[in-house]
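Below, subunit A partners subunit B and then partners subunit C, in two separate complexes.
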Partner chain A sequence: MTVDLNKLHAVGAIAEEAEGKWGMVIDMDLCTGCQACVAACAMENNIPYVEEVDAGYGRSMHWIRTERFWEGEYPEVKMSAYQPMLCQQCGKAPCEPVCPAFATVHSQAEQINLQVYNRCVGTRYCANNCPYQVRSFNWRDYQDSRVRPEITILANQFNPDVTVRRRGVMEKCTFCIQRIHKAQDKAKSEGREVEDGEFTTACAQACPANAITFGRIDHPESLVAQLARSPRAAHHLEELGTLPRVTYLKEG
Partner chain B sequence: MSKQISRRDFLKLATAGAATTAVLTGCGPTSRFVDREPYRKMPEYTYNGISTYYATTCRECAAACGLVVRTMQGRAIKVEGNPNNPVNLGKTCARGQATLQGLYNPDRVENPVKQARGAQLSQETLDWNAATQIVADALTNTNPSEIAFLMGMAPDHLFDLVSDLAKAIGAPAPIRFGALGMFEARATLSKAAEDLFGSASMPFFDLENADVVVSFGANFLETWLSPVAFTRGFARMRRGNPERRGYFVQFEPRMSQTASKADAWIPLRPGTENLVALALGRLIAEAKGGAIPAAFASVDPVAAAAEADVIFETLERLAQTLTNAGRPLVIPGGAALGQSNGLATAEAVLALNALLGNFGLPGGVFISPLAPAQDAYHRPASAKEMTDFIAKMKSGGVKVLFVHGVNPLFELPKQLGFAEALAAVPQVISFATFPDETALASDYIFPDHHGLESWGYQRAVVSAKPVLSGAQPVVVPYFNTRATADVFLAAAALTGGTLAQAMPFADEVAFIQSKLTKLVGEEGFFAAPEINSFTAYFQQYGGWWTLDPSLATPSAANAIAKRFNASAAEFAGEGEFFFLPFVSPTLGEAGANKPWLQELADPTTTVMWNTWVEMNPATAHELGIENDDVIEIVSEAGSVEAPVYLYPAIRPDVIAMPFGQGHTAYGRFAAGRGVNPADVLGVHFNEAGDLAFAGMKVTVKKTGKIKVLSRLESRIGVYGEGLEKE
Partner chain C sequence: MVKRFFEWVISPMGRIAVVIAGMFVFSLAAFGIYQSQQNPKPQPIQFPHNLHVGFGIQCLYCHPGASKGPSAGLPTISKCWGCHQQIAKTQTSPKLKPMLDAMTNGTNFVWVPVAKVPEFVHFNHRPHIAAGLNCENCHGDMSKVEIAENPQVMNMGWCLNCHRERAGDDEAKLTKLTDCGTCHY
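This part shows the complex of A and B:
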């Protein structure tokens, strides 16, 4: 089966070897900004909270956030659609070439951007080069019970499939790669392919409005690929040529 | 043999059929929990790297969303929605996701304690036998009419147990309260349904199948009644039908998160919602032709639009849209009902629906069915009923007060005087899981398990299908806590005599089974021939619900024949601003002790970890107020200080403030953070006895202090901040 990758806006070097490509579609007409995805992501991926002062300095660690913008002034004021923003898993990722430690690299198997925590030396070049501002940096040892005694008990909840990061390490959305691998392992042991909708990311699973869809964007019949062909589809900062894997569906 | 039967075998055997059930009835309570074991001694039902999943019910609010909790080696790892439960169909909200941070919260009540109304959580621990004896003594040595039970909106099984217990000893029926119920104006909704339809049940709004939706203040995407169900309904309304996109209009003085999803947000003057609803009705009736129904006859749409500060042509266009709509729906709720004329607003909106002819049709108004095995709808107490209860406490009419699942010291307006009333009660016994304000002001705290460690059930209040969502422990209790139901049952057994006879249950599970017996043999999501296999399925699937909706159609005749109060709300106080408190969409009423809920950005302002006051930028500039300036809000009832957030989408004559912060106790993440708007609420009611919480006028004063709010949004460029000034 041949896939017209140009229709998926996936042109360029990466698109040629796009087998195994995971992608996401977010319907901004449905997103209600409720933050369920943010909380689900934090619980799934052992993301630390940074508390009020650090949050005020912009150090909060959300891997996904909902953005909204204001237009006009009262009474002609409008709020834009809520726009969940997460790592766009760019085909040509600006974060990758700037890392001196090769900590942020492109995965051939899943076609996503990996962050190798134990390579990261904390230069933060990647975050500075990310046009989507979706990378978060561990400014402190937020998950160390010697620094925060309450972690001793809160750590009972930690997901054993996901590494806990220490100070000085950059992190970002992984498309819940632990879930991808788990589903692939299961399918492999049963001698079959992963089916569409068999698993999904934590954010998509929680979303009460069903605004987030995740799946194989290189399978034209998968739900995510069908939605990505919608006339409402758009990519963020497409003009930069980053080839994002996340497609947004506009209102209207 | 029964002792060796593990939980896994129990389920396996039980689901195998009735033949095995003789073995299972011998199961003791000990086999009902999953043990948290060290790795060197792995329980036989856990395997390295493989998770076990348990279906249960969320207790972060009373909506009865089903959960499936992923556990690993006896620890709860992740909460997911139960895909079978009709309320949430596999989805959760942020508060449901963060419930794990309540389970593994560093500030739980770890043991039963003699609190003695101290400022801090007491270290004087008791053992559970002593605790049970104290409860038994309180039940036997007090005149039954002077015993009071104050319960939260969840869980329902405990409310049922306490109701039975109160009946058995001849005590007054337990009182149920929750701040969410107050801000949702539940009493007003059910009173309006009683007046118009003749039954005091909850109206059901079929959002999912409507194509034009107009909401008067109902914040159904945030915390209102069943937000996950409504969010799904909203999504299907918007994009469920490929032929058309649902159209949504919200009337509200401030753009709430719900209003921010509307195609049109119409900021009307607070307290004029009933006028606008009647004016819309009149315009629609005129467009439809024929006689104008009595309900809408007396209103002058032009004058109503002027009084509501809404452009008349906007109303005309909306009336036209509603008239032409195939499935129009109008929803009343929230602050629109928390006004002196709130009941008139609720009734006018229901009448408007009747005029639109949507009763009993897809996308219209129905009467919510009762939950399975429920005999009548019990709404939570209104603020008026709480006032009467407080008066009884103050006059010495309550000698023993049992409190579970509610924190009235925080949730009720300070001016109601619950603190003074509590001081007048000689013995207060709290069953709080967390050291909240009311628990600290008690004589004893006998901590209940966290919701994820508990048995129980919860009824869905607004659901097309009757749902009884089941709860079971997903982990073994982490601390030395005990199920409140078990404490009451053990205490009843200790008292002996008639009470012990009236409550002959070995434990909580036996009590729950006794309530489930009615459903044995009923057709539903599953059917089981006898109680033990029914219970096993009930745990496995996370509850029981019917396969088909059983919504009742209200009669439209009375609704449009009635005449409604057509005057705007009255406001208490003298100030220049209308005061609009709203429940924080991320924290809800009791989320402040979970760090990740604090870290979530408020959807509209992106503020984290604190309380803010929303003020229109133009008004603020006139008063010389900038972002982060701390202002004092003075009402007839008191004053609070909080930093300002210049909110572009709020009327210039309104200030708004989220409810959820401002705890003086409740653990390290909540205590001493932000302020509580309930401290400035005056005590005024609407005709249904709900608090007119949005019926205040306040003055504001600049204090000269600055408190920088932590926001997720960038400040650069917001009203010129951070940019070079010329």
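This part shows the complex of A and C:
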């Protein structure tokens, strides 16, 4: 799928970023909506569970969610497709320019959108400006055992490579940047480049149907780049000109 | 009410009171900072770094993780015992009593980490060692201090100063070394 950058007023520096570095391809035909990616993401990235009352306010926290679609009227509904929705790591992200604290910035090194937790002051502008609704806000100290005594035993399964976020901080998918760094560090210690398929994100690793593929989108021979060139490829809300890095493969 | 308070503040006694209150708050803050920055921190056993480094023991012997991964690691008591069981003084010295007790009881030292970064910073020792830095560049010369202490405040400006300096004119390296996502995620 090619994007006419001139139509998006995205020329110059943005045009160079249009391709990006890391990318993901999600095959919606293979996705069975089993939610394994959601669980794996929560475990990898120390995402708290939000209890009934807060979830009722729409404050549930997920970095990836499975969107359902159905066709027809109630008794004869047909589930047509599941769409795992996560941060699209936009090349021209709507969340970035609205942050007053520069807490959500574009990583020039990894070409992804970052959320710097220690800089975030919790204005929630970014979440309100995100067309994909993939950012989640810590309304309480969900991970603090002093506030929630029942979390004490769960604290043992925290991932030490990921910050445990505090109250009042926005968070979102990082393309498992801790795994990117780990793979880069390992490759560098062995004096080589990171190979395609050497590591993957938690959601892609957990997917039993192999619907999620992750890798270097700027390497034409990598699996994810080959899949992204498929005629079935489409970007979510492409007309907004956000240059998403996540490509969806729909029925073709 | 507010007007009367304002009039009292601009009177001579009021001004003196404001100055005294200001000094009180300042000294309280200074005391608090002094308390939180106390160096060196008390350790379970008063481990003399200068003595051990003086014997010629390498840093990596007790902190072997520094060349391999994110954490340098703090030695367990079995590492101490490896050498100390061959030293006769271990049985008699009152300074080494905590180690002897811990060894017989099967407990371990709970070291107080000295060089710590906040939890939202992900520091990795390996690339720093691989880049040719020596331990003493950040942790100070341990052959001169008895109880380990931090020679400087380890804050972001300190990190970035060195990162900028070492990146030099290499644009790609500078981008990588000053990227927020390199340390904060």
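As a working rule, the second predicted complex is superposed on the first by the 229 of 252 C-alpha atoms of A that agree within 3 Å, B and C clash if a C-alpha of one lies under 4 Å from a C-alpha of the other, contacts with A are read in each partner's own complex, and residues count from 1 in each chain.
FYI, a residue touches a chain if its C-beta (ideal position, glycine included) is under 8 Å from a C-beta of that chain, and two chains touch if they have at least 3 such contacts.
From a predicted model like this one, the values you see are computed outputs, not experimental measurements.
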{"item": "Which superposed partner A:118 touches (first subunit B, second subunit C, both, neither)", "value": "second"}
{"item": "Touching partner for A:190 - first (subunit B), second (subunit C), both, neither", "value": "neither"}
{"item": "Which superposed partner A:164 touches (first subunit B, second subunit C, both, neither)", "value": "second"}
{"item": "Contacts of A:110 with subunit B and subunit C, given as first, second, both or neither", "value": "second"}
{"item": "Touched partner set for A:221, first subunit B, second subunit C, both or neither", "value": "neither"}
{"item": "Contacts of A:76 with subunit B and subunit C, given as first, second, both or neither", "value": "neither"}
{"item": "Touching partner for A:40 - first (subunit B), second (subunit C), both, neither", "value": "first"}
{"item": "Contacts on subunit A seen with subunit B and repeated with subunit C across the two complexes", "value": "none"}
{"item": "Subunit B - residues contacting subunit A, complex", "value": "72, 75-81, 88, 90-98, 100-101, 103-106, 221-222, 227-228, 231-232, 234-235, 238-239, 245, 255, 257-258, 260-261, 267, 478, 585-586, 595-601, 603-604, 608-610, 616-618, 648-652, 668, 673, 708-714"}
{"item": "In the complex, subunit C residues that touch subunit A", "value": "118-120, 122, 124, 126-127, 130, 175-176, 179-182, 184-185"}
{"item": "Complex interface listing, subunit A residues touching subunit C", "value": "105, 107-110, 112, 114, 116-119, 161-164, 174, 177-178, 181, 185, 188-189"}
{"item": "Touching residues on subunit A, where the partner in the complex is subunit B", "value": "27, 29-30, 32-36, 38-40, 42-44, 49-53, 55-56, 58, 60, 62, 65-68, 70, 73-75, 77, 79, 82, 149-150, 152-160, 202, 205-211, 252"}
